[in-house]
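Please find the structures below.
Common to both upcoming complexes is chain A, partnered first by chain B, then by chain C.
== the complex of A and B ==
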């Protein structure tokens, strides 16, 4: 009988595993079972056997219960023996799981310490969360070509095969940085700096999402990590180090720059932007936003998502081309940025028309007493369609 | 049979009182109604209070269920528009709060209140007035929390209410104030209830009932009360800090003032993890009663079940930080808590083994109660094993805050706690109301619930492992993957499942209504049960037992009914339940002293929400509430121990069998 049960168990386990795997989504961007970097793989190597063991134990329990239900149903048999248990069996059934768990424990222990190592870091990025977007601040790292700090948001760019250490913190509430293909998550806690290792095997766009509930628009706080080949990364760095160029006079974009200076620069920095009198235009988000920061837009069109990485800057067709690209071609396609032909005008305009209608934020000017009049998120700027045309033209130049 | 009978009312439950009532002081008399609404409002009878706890918990179960269905409707399709972001956040916060604090806890309290005294052969709990006070507190707290829906929005920080997102800047509505202060009131119920039941179990067991002859439900309830006794103060402290931060400008969790927001997480989870066992152990206790009865065998390894329950009660305190593996505790803490979390799987596994071996070799009768009990074994095992997968901390950093966790704890709490409670409904209904719930409908009820629950929560394993985070008011197709079985598909299945599940619960309500209308009385011992609560009439008399039984065995009632033939080793029936009851009635105790009802529990409990309203809106009101509270305490203290004889209605003609008992 025990061989039979064993066979049945093995059969059902196999069937269950197959059914489970067959019923999963294909190419889910945030799949935790598709590691694309060494840290995620370390986790995966640990969790796969654990899931297998758990699965087998589950099937055994299920089989035994079903066996009992069928075999010992009341068929008028005599009153069963009033046994109170068999201590030897009990102790055995206590020790057995303890041994299994001790084995799992040893590997868990090792993995925990391995994932916490920071001594082999090759590159550092400071990652700061705030309601409801991520900012990346690359300190100067000359050996990587980063001769002065780079600030960007939404999409973090890393070179492939490089052990990157993220130093996370937050400007308001707790957020959590999570790119499932590259590593587990780590909370970004205000007042603390916490580290998370990531690296990617191959070039690609790896999706993630804030996973610590951070208030109203938690669902709209996404991010990507984009891994580029070393050459492509160098090209990206070189571009990020440049300042924005003012559009040619008498273009729509130039008028858009005026609108930007009038409205957007209150919070959003564009490096190299100058006021009409020729002095640098310095954003003052700390005066207007509770977190004291707003995305730097100098190279807006070098990223392909916006507003907490929740909407695409690329039109659907162009997005599919870039996001679906193979690891050989994705770098070039990503670096091409968002051309005017590819720009997702609909969502960008919708955003400029009334941002809080698109992404819930605390930006009703009549309800800002708790924050002393500061917004949490972006308010409705009340722009005219004319202004929006101009602004879109200007923003398109921020490559 | 003439026993207690304070002046009789027709058909109702009679009250006992000492023959020499102390003189009532001023207006502080004791109520004497034994029928009508007053008999419920002022009752201190553990059975009435048990039923009241049950009704209240069922109401909140339906409320929390509606909230759950709304959540699933919002998530049925991408970019859901059923709820706004703000309302969605309130919805999931209140769903969890309601289900944890206002359904499972009071429902477990309902069973504990009703059955612990009966199972240990006692006539009531140790502190009957405090028992009533506890009920009114949790009812008041529950209503208070939910008032916020109508006063500017409910709490929106998640039931875990992490700082600093729960602070006045990030959640400016009064929702979290209502939540915090309401939970404080509800917490009083848990604390007084815990003290009451601990004293009751330790001091009021029938003669001969040593601790190791105590029914497992009582044992695990005792463990739960100790957990409550130590866990509730922690959340009370945390809630006080939060209240002061929100209402009086304190800065306990304010980073700019030098605070560390992780303080809240530690406080919350030191309460929150034992809380998980507070929710599940009562159901473990219930099925540990149900399985032996319907397997016609004693619980396999009784001492192992008891000690593993106690072990869970201890180890449960050393695992809280597994909720914080992603918080940045450092590798040493993470590794330690990872291992301790694995360790707690061992006593839990022991229980599953014992239940399964209780079935092994039994004579199984598949009643509705048994269906739910076996359902619990299987579903809880799934939840327990998924729990083990995230005790592995590195693995948990991928799974935490995703739907995988939602799947895990719904298997544990729905498949575990709720199935256990439903098993208890079907098992104990005839004892509580003298009528058996319809068995056929009960089984249909079970299958709808089991299918609905697996449809709802099963797909969430896949959703979570494939990267769908929790607490998002919308999900997007861009992250849903490809193929027929993409995340959109599983979200849809989960939403449909929630409707199937709701229908299952509706069937239960229909069953209750149908049964209450039925004229058919349940037999005295419908299940051939094993424990003391079945050794009295159904529903039990106010004083529970005519004679306090003397206990010789674990499963005393079984051993009074059956005897083993020394030669053939076969069991033969030597007495029926009816005969045992008749024998008890014939030898009824002459002097039974039962506690009198009291006005003060409800009055004192009613004063607390006044204080809390005042804290939120106006301090003078809080002071007024405070004065009200102190006066109610005086009323409580100065109340005579019973009503004077003259307060009682004269006995109905021909029924006067007044035999008053002196104070014992």
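== the complex of A and C ==
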């Protein structure tokens, strides 16, 4: 075997081995081949046969090409007789792909229309993208126990087996919402409302990723959908409908509340938080952030992640416990929220110390003129370690 | 190596670059003027490259059978236009920037045309040949520019006519003009043997007619309702009350093409106001909108009375200690008509003492609450 052929064989073997090993990944929460909801399954039912057909055709074409390259390679032989036109073959090679594509097209269109169906929606969630996190607000839906709107971010909670309609939009640039296990992707476009339907067969946590390049921290714009049993969902709703309670006087958390009122409430809303004069503290992200919004932190510790679902609020051990839980137990574990023992203090403190160092949001804070001085994400607030201690203590109370 | 034509343009390029450097160093370092000069340098460099590439149009300058500098020079209007341009620049400096700009354009255009014409007339003793090499160089620029200017004049003139006549007449004129263009175009296409002069005459007369109509319409002024609307600042101020406003409501459109990206639809029927949110089947008296984001609501009037939808969007401080309500509204529309209303609420509901609402002024006890989490 010549050196050249050996090299080619080694290269192809290496690629094949890489592809094979990649398919063995155990922890692949964004695997499009493992649908966990009816819409994702509808897509899967189309993509599997299409992939098989395309694969077979691809292999045949590749084999023919390789055969021709080897069989008719230049050995210094005379130029063969040149011919032009072979009507039967040409017509056949036109009709056959056309028929295959028409067949694929029929099933694709059927799938597209099936996925677009929204008439039997059972629940609605407004999903709003901005650089670089997702906000979810739930309109009042009394039959689901949502007596007034709920707002959260990073993790969207849905009841299992419920057809949920996402009304997607964006406050700044185009984003794209994608939870591979539950459905395909849909762009969130400023000024438009696009709909996407999802539902989950079983309780669990389903990971996703913004799939439209949206700026510096596009890669850090993650999202998770948490499907809970109907009972667990009702418990989650009941908790979300409550306002935050002020910590007891003369505690570190109470001092943290003061720091929060001084520093954080400019952008972050905590429902129920009152200023020293007793009036509600209203956040004004519209005056400080380019997108005009920042995550509502009223129930921060009821979710497992922060900063666009890119970092865990749970320590590694506790996170593994929740994510690895069975569908029967995941709801209870999720609803337990973030206990003091489970809080990932390391990342939370790093974030409070210098957020842009963890998640690039603006290249140079001295050059905010194009955005009228407004930030595209959380700035470095220059907090002291003392302030950070107090803030962590306060944030821990936001269950 | 260098042809006479390329030497001229290379010289101009070098001159423009040198002037731009001096300009930045001595006059203004804001780069605006330098960029303009460098653009001129780029243009002359391009012309230098072109003349170098085609060896001054393949003309053997100085050859015995094509003596350069033959005396048969043609008359030229360019010096006159250049003078007009120069005067325009001077007058524009004193009067109005647009005069300055037009003068500058005239001067630059005349300069380029004059240079190329002079150069081409020195190419050979054959005037027709000289004209052809001039055309080869300049016509790729002249034709698109003239077409653009001609189209601009026609469009501007037509728009003046549309602003001057009544709305109903405008629609008829638009349809009529379109039909005539289609008819004449079809005729030209079906009769390819028509005399070129006839086709050109029809086009030129039509264009002149449109331009003349435009001038007449512009001198006559806009139609009365637009003048009044401008005078009352109608375009920046909405009257959101119960009364019909002569100007704000005067040009109300009753149909909209918007069908997607609608957050909610609000209907007035039998004196009752009901809303339908996107994706929620049943009627509701509350809608939920995301904060700091444009929301679009469609208002459909199915009542016999004319009505408008008014959104109460909280308050804003206009000066220290003085706040006023923020309102937005559709125009007053009649039965069977619809309009879209787009607005943004930056603060959550809890920030407003009074709930954000959608109401129909004059209709008591009916409102849709807007909830902003």
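Operating definition for what follows: the second predicted complex is superposed on the first by the 352 of 399 C-alpha atoms of A that agree within 3 Å, B and C clash if a C-alpha of one lies under 4 Å from a C-alpha of the other, contacts with A are read in each partner's own complex, and residues count from 1 in each chain.
We take it that contacts are C-beta pairs under 8 Å (C-beta built on N, C-alpha and C of every residue); 3 or more make two chains touch, one makes a residue touch a chain.
These numbers come from a predicted model, not from an experiment.
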| item | value |
| --- | --- |
| Chain C versus chain B on the shared chain A, clash or fit after superposition | clash |
| Which superposed partner A:42 touches (first chain B, second chain C, both, neither) | first |
| In the superposition, chain B vs chain C on chain A residues touched | B |
| Touched partner set for A:234, first chain B, second chain C, both or neither | neither |
| First, second, both or neither for A:121, with chain B first and chain C second | second |
| Partner chain in contact with A:90 - chain B first, chain C second, else both or neither | first |
| Partner chain in contact with A:104 - chain B first, chain C second, else both or neither | first |
| Partner chain(s) touched by A:148 [first = chain B, second = chain C, both, neither] | second |
| Partner chain(s) touched by A:79 [first = chain B, second = chain C, both, neither] | first |
| Partner chain in contact with A:191 - chain B first, chain C second, else both or neither | both |
| Touched partner set for A:29, first chain B, second chain C, both or neither | first |
| Superposition clash, chain B versus chain C, among 258-266, 456-464 or 600-608 | 600-608 |
| Touching both chain B and chain C, residues of chain A | 190-192, 194 |
| Sites on chain A touched by chain B in the complex | 20, 22-33, 40, 42-43, 46-47, 50-51, 54-55, 57-58, 61-62, 64-65, 68-69, 72-74, 77-87, 89-90, 93-94, 97-98, 101, 104-105, 108-109, 111-113, 115-116, 172-174, 176, 178, 180, 183-187, 189-192, 194, 207, 209-220, 222, 290, 310, 312, 360, 367, 369-371, 376 |
| Contact set on chain C toward chain A in their complex | 260-263, 277-281, 286-288, 290-294, 346-348, 350-351, 371-373 |
| List of chain B residues in touch with chain A within their complex | 84-86, 89, 156-158, 162, 164-165, 168-172, 255, 259-262, 295-304, 326-328, 330-331, 334-335, 338-339, 342-343, 345-346, 349-350, 352-354, 356-357, 359-366, 374, 377-378, 381-382, 385-386, 388-389, 392-402, 462, 465-476, 478-483, 485-487, 489-490, 554, 562, 564, 569-571 |
| List of chain A residues in touch with chain C within their complex | 118-119, 121, 124, 126, 128, 135, 137-141, 148-151, 165, 167, 169, 171, 190-195, 269, 271, 280, 282, 284-286, 291-293, 296 |
